[in-house]
Amino acid sequence: MLSLFSLRKETQRRLRRKNRVALHHWSASKITTGSKLIINILKGTAIVKATICQSSLHSFAFVGGLLASSQNQLEILGPSLGRGARPYINSKQRWRNRIEMEFVSPEGLRLDGRRPMEMRQIRAEIGAVAKADGSAVFEMGNTKVIAAVYGPREVQNRTQQINDQALVRCEYSMANFSTGDRMRKPKGDRRSTEISLVIRQTMEACILTHLMPRSQIDIFVQVLQADGGTRSACINAATLALADAGIPMRDLVTSCSSGYLNSTPLLDLNYVEDSAGGPDVTVGFLPKLDKVTLLQMDSKLPIDIFENVMQLAIEGCKAIANYIREIMLENTKQLEYRRGI
Amino acid sequence: MREIELSLNQTQKIRLKRALEKLESLSSKANSNSNASVSISDSIPVNLEDGVLKGHGTLDLNGELVATVCGVVERVNKLVYVRALRARYKPEVGDIVVGRVSEVAQKRWRLDIHYSQDAVLMLSSMNLPDGIQRRRTALDELNMRSIFEENDVICAEVRGIQHDGLHLQARSQKYGKLERGQLLTVPPYLVRRRKQHFHHLEQYGVDLILGCNGFIWVGEHVEVKDDMVEDQVSKPEQQKSNKNSISLEEQEQTYTPIETRQNICRIANAVRVLSILGFNINIEVIMDTMNLSSSLNLDIHEMLGSEFCVLVAEGEAERRSLTKRKG
Amino acid sequence: MRFLHFTFLLHLKPISITRLSLAHQSQPAASFTFLLNLFVCFLLLRTSVPLTLTHFLCFGLRWSVAEALPLASFSFLSASSGSPFLFFAFKFSVQFSPVRYSTGMVGLSPGEKHFIQGGIAQDIRSDGRKRLTYRPINVETGVIPQANGSARIRMGATDVISTVKAELGKPISLQPDKGKVSIYVDCSPTAAPMFEGRGGEELSTELSVALQRSLLGGKSGAGAGIDLSSLVVVEGKICWDLYIDCLVVCSDGNLLDALGAAIKAALSNTGIPRVQVAAGASGDEQPEVDISDEEFLQFDTSDIPVIVTLTKVGRHYIVDATTEEESQMSSAISISVNRKGHICGLTKRGGAGLDPSIVLDMISVAKHVSEQLINKLDSEIAAAEAGEDES
């Protein structure tokens, strides 16, 4: 029943870009394009060989989810293989790899080829859910989220009604297929609850809730693909969806993350960088008011470096705000001229 | 950007793009400087010394006027406000709205009219079936469900905002329950306030109500009866006895005549197409769209296909450029 | 086909009566029912023997003690008789359950309800469609690059995403020659506020089960729409596990058909790495495999069925019902039909009972409709794939 086909060039290129991984103990002389390597699958079902399709001095690209170890053998660290795979590091190795792995090459390039201060490509689209009052899709690199806003409308549960302001609710959910290794999580786990809360508080701070008393605003964010920075992407998508629903806001709120690896501040961490164990600073920012509304960091960081890292994240927020503003303005203009007089 | 949700082929894409560009150039000529689009947190240039009045969608931020919604800046004398486009309905006194009953409460009905809360229609602010002006008795209160039930579609007028929410009234024969037809919802900004929101399309036998709140009713024409007294008393009983006993055949006889139904669906689809394209919805444009579809001999359901949408967009561009030349 | 229906009906009646009485008597002990059924089966076989009977025998058995009876036993029965109705016997599993896939609280006034019913009776539905007309279908493939294959389908306001993920695994010992496929549906709260929290769970489960029934066949995997044996790498040792995850982004009726179509599109978009097995592994050892990074195998999706849901409103039935129309349904039958016109699964929903002759009538209509749908879907999928390669 199966028939053979070869991937088109473009698809191959995309795959390689996704699977670029830094290499520490290897030198370029050992790894060249086409060299076969032995790989262990963590699940222990089989040993496979992989082909390197692209290599440079400090990193190589391959098809499949594998990552370098210090030995002459490579280990596949994701249980999944093929197109859907993505490097995944378990907690023990995370510590080891943190020391060994190089996240910024001497030429100043990151694993996915970005500069330290460079953001992933962002893309936004207004209007993705036909039935919602407002909706938007926001993409940061491979991270992709949909946000839908329902309301302001009559409060569904009368006991929750607030007489002088609107009730803002938020739910964050992740699709089963959003992560590299597929998992089926129960709804409402602690992580989702926490992110829901974070998004709700951040959005509530900028919505002019007192203008819509005794009503309810529901924000639903759905992660379609997670590759680091889902929190930030969700906040950005929610901002766009709220604007699309015509809900008055004090200011735009945008969010971006930054980190610190190999003594370099990095903007907009992807999944591999995020799971490297370094600090991850997520900032929510009101650009017009010049105020930080959300700030989260895990892991430790000297205070003078923290300042730089946070500043970097703020710069990222500003860049996103500019982009979002342009999108919204363009959207408004289009709606206006289409409607006519 | 809110893309038009259609699956278009290459030529259709180009044609639609061209039509939209034409619309863009037409509108930019029409209002070159008077009103400008703003997005959230954009500052609105005003001369504060003149003593401007801050209207909806604006906020004073350290002496600077900024927008709180995406929309178009409008200036009326000293008043500066931002007119939001896609948003829930913003009621104004005297608006004609179509709503759905969400709850029958004490002496009032609550209606969903696409506003941030449910609107209230008091028993006292509507004409009773017997048509006599009198105090509402406890018996009237008990019989409220015989007038409007949950989920009924009702047409009414905005009376004003009071402490307990938005109030409606239905003090005329033209208001009241709407039956035998379908309710469409479009974004409220597409429906402009006009003198006339009730349309009886005689040639089609169709009633069309363009609610200011974006709820549009398309239904079979019903004669507004002045002799409400005898009519309403006898009717409910008839209906009730009917409901219990009618068989499927008898029910079929009461269905809307097929020609009328075709017209209703054609008009409804014209509204849907205009809503997809984001064009202003008024009676003339709806009729134009409907005539275009009939002249092309399209099946009713084909009106929702991409080809017809592109044709409507091109037609609209043509129409607007013509009216502009005249004006 | 007509003839077949006729015989089918004729034989169905006595058997279902026996089944009913048996089931009634032996409610407490499932094994007892099983034995009784076997006995009846045996008696009938001895007395009347005609080959045509075998099919409904199996039908009756499958129906009454579907859980208790291993499919293998009557697969043996039918196989030995070589009945031409073998197919029917296997794939016809009717489930009567009072399940309603309503996706939102559609409040409609009596006037609107009457209008919708009248439209269906007069063959002009609210949006001008005829009873058997679909809304325009929009297919997008490769929407989730992380997955092995993915597709997004939009029919009117209904919007669903389906993804396929392939992982190497071990086949279960009972079926060493088959891969594993699991289907999960998730209803995103973005589709409707009522799906918030655990609100969408019930619907998700219902849809998942209905899809499994339509596409994956019985528990043994026999008669599955997806060819499970093509997923085996080394028999009994290595196979591909396919995880099909669907997400409902926006719902406006007819979710099951849209999800079925999305799965079909996602599978056509799926590339599974070619696996080479190193020779020399013997015994219980896991063989070495070599996963290719350049060569991908693609599914032959031409045999994967589409699901056609016929929603019965009044005395007529319609395809591709919107939420409003679904709220008026008395009952609905979802039939999955493949290109050859074979029925691969069937689900009846809704409280009202249906006359068996109407069921058969609906099946033949669904078969007819499915041909058009398959062709339409195939061309849309091909267009989407071409579009993806371009960009």
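Which chain is which? They are A, B and C, in the order written, and residues in each are numbered from 1.
We take it that a contact is a pair of C-beta atoms (placed from the backbone, for glycine too) under 8 Å apart; a residue touches a chain by one contact, two chains touch by 3 or more.
Keep in mind it's a predicted model, so treat the numbers as computed, not measured.
Shared contacts of chain A and chain B, meaning chains that touch the two of them, come down to C.
Judged by contacting C-beta pairs, the busier of the interfaces A-C and B-C is A-C. Relative to the C-alpha centre of chain A, the farthest chain centre belongs to B. Measuring from the averaged C-alpha position of chain B to that of chain C gives a distance of 41 Å.
Mean C-alpha positions place chain A and chain C at a centre distance of 35 Å.
Annotation for chain B: residues 5, 102 touch two or more other chains. Of all residues in chain A, those touching 2 or more other chains are 130, listed in ascending order. Interface residues of chain A facing chain B in the complex, by the touch rule stated above, are 125-127, 130, 133-134, 151-154, 166, 208, 212, 214-215, 243-252, 287-289, 325, 327-341. By the touch rule above, chain A contacts chain C in their complex via residues 1-8, 10, 12, 14-15, 18, 41, 45-51, 53, 62-64, 79-84, 86, 128-132, 135, 142, 146-148, 150, 156, 171, 173, 175-178, 180, 182, 184, 187-188, 218, 220-222, 224-225, 227.
Chain C makes touch with chain B in their complex at residues 107-112, 114-119, 121-122, 124-130, 133, 135-136, 138, 154, 314-315.
Interface of chain B with chain C (complex): residues 5, 7, 100, 102, 149-153, 177-183, 219, 248, 251-252, 254-256, 258, 261-262, 265-266, 268-269, 272, 299-306.
Put simply, chain B touches chain A in their complex at residues 1-3, 5, 20, 23-24, 26-28, 30-31, 37-42, 57, 59, 61, 66, 68-72, 84-88, 102, 110, 112, 116-118, 165, 189-190, 277-280, 316, 320.
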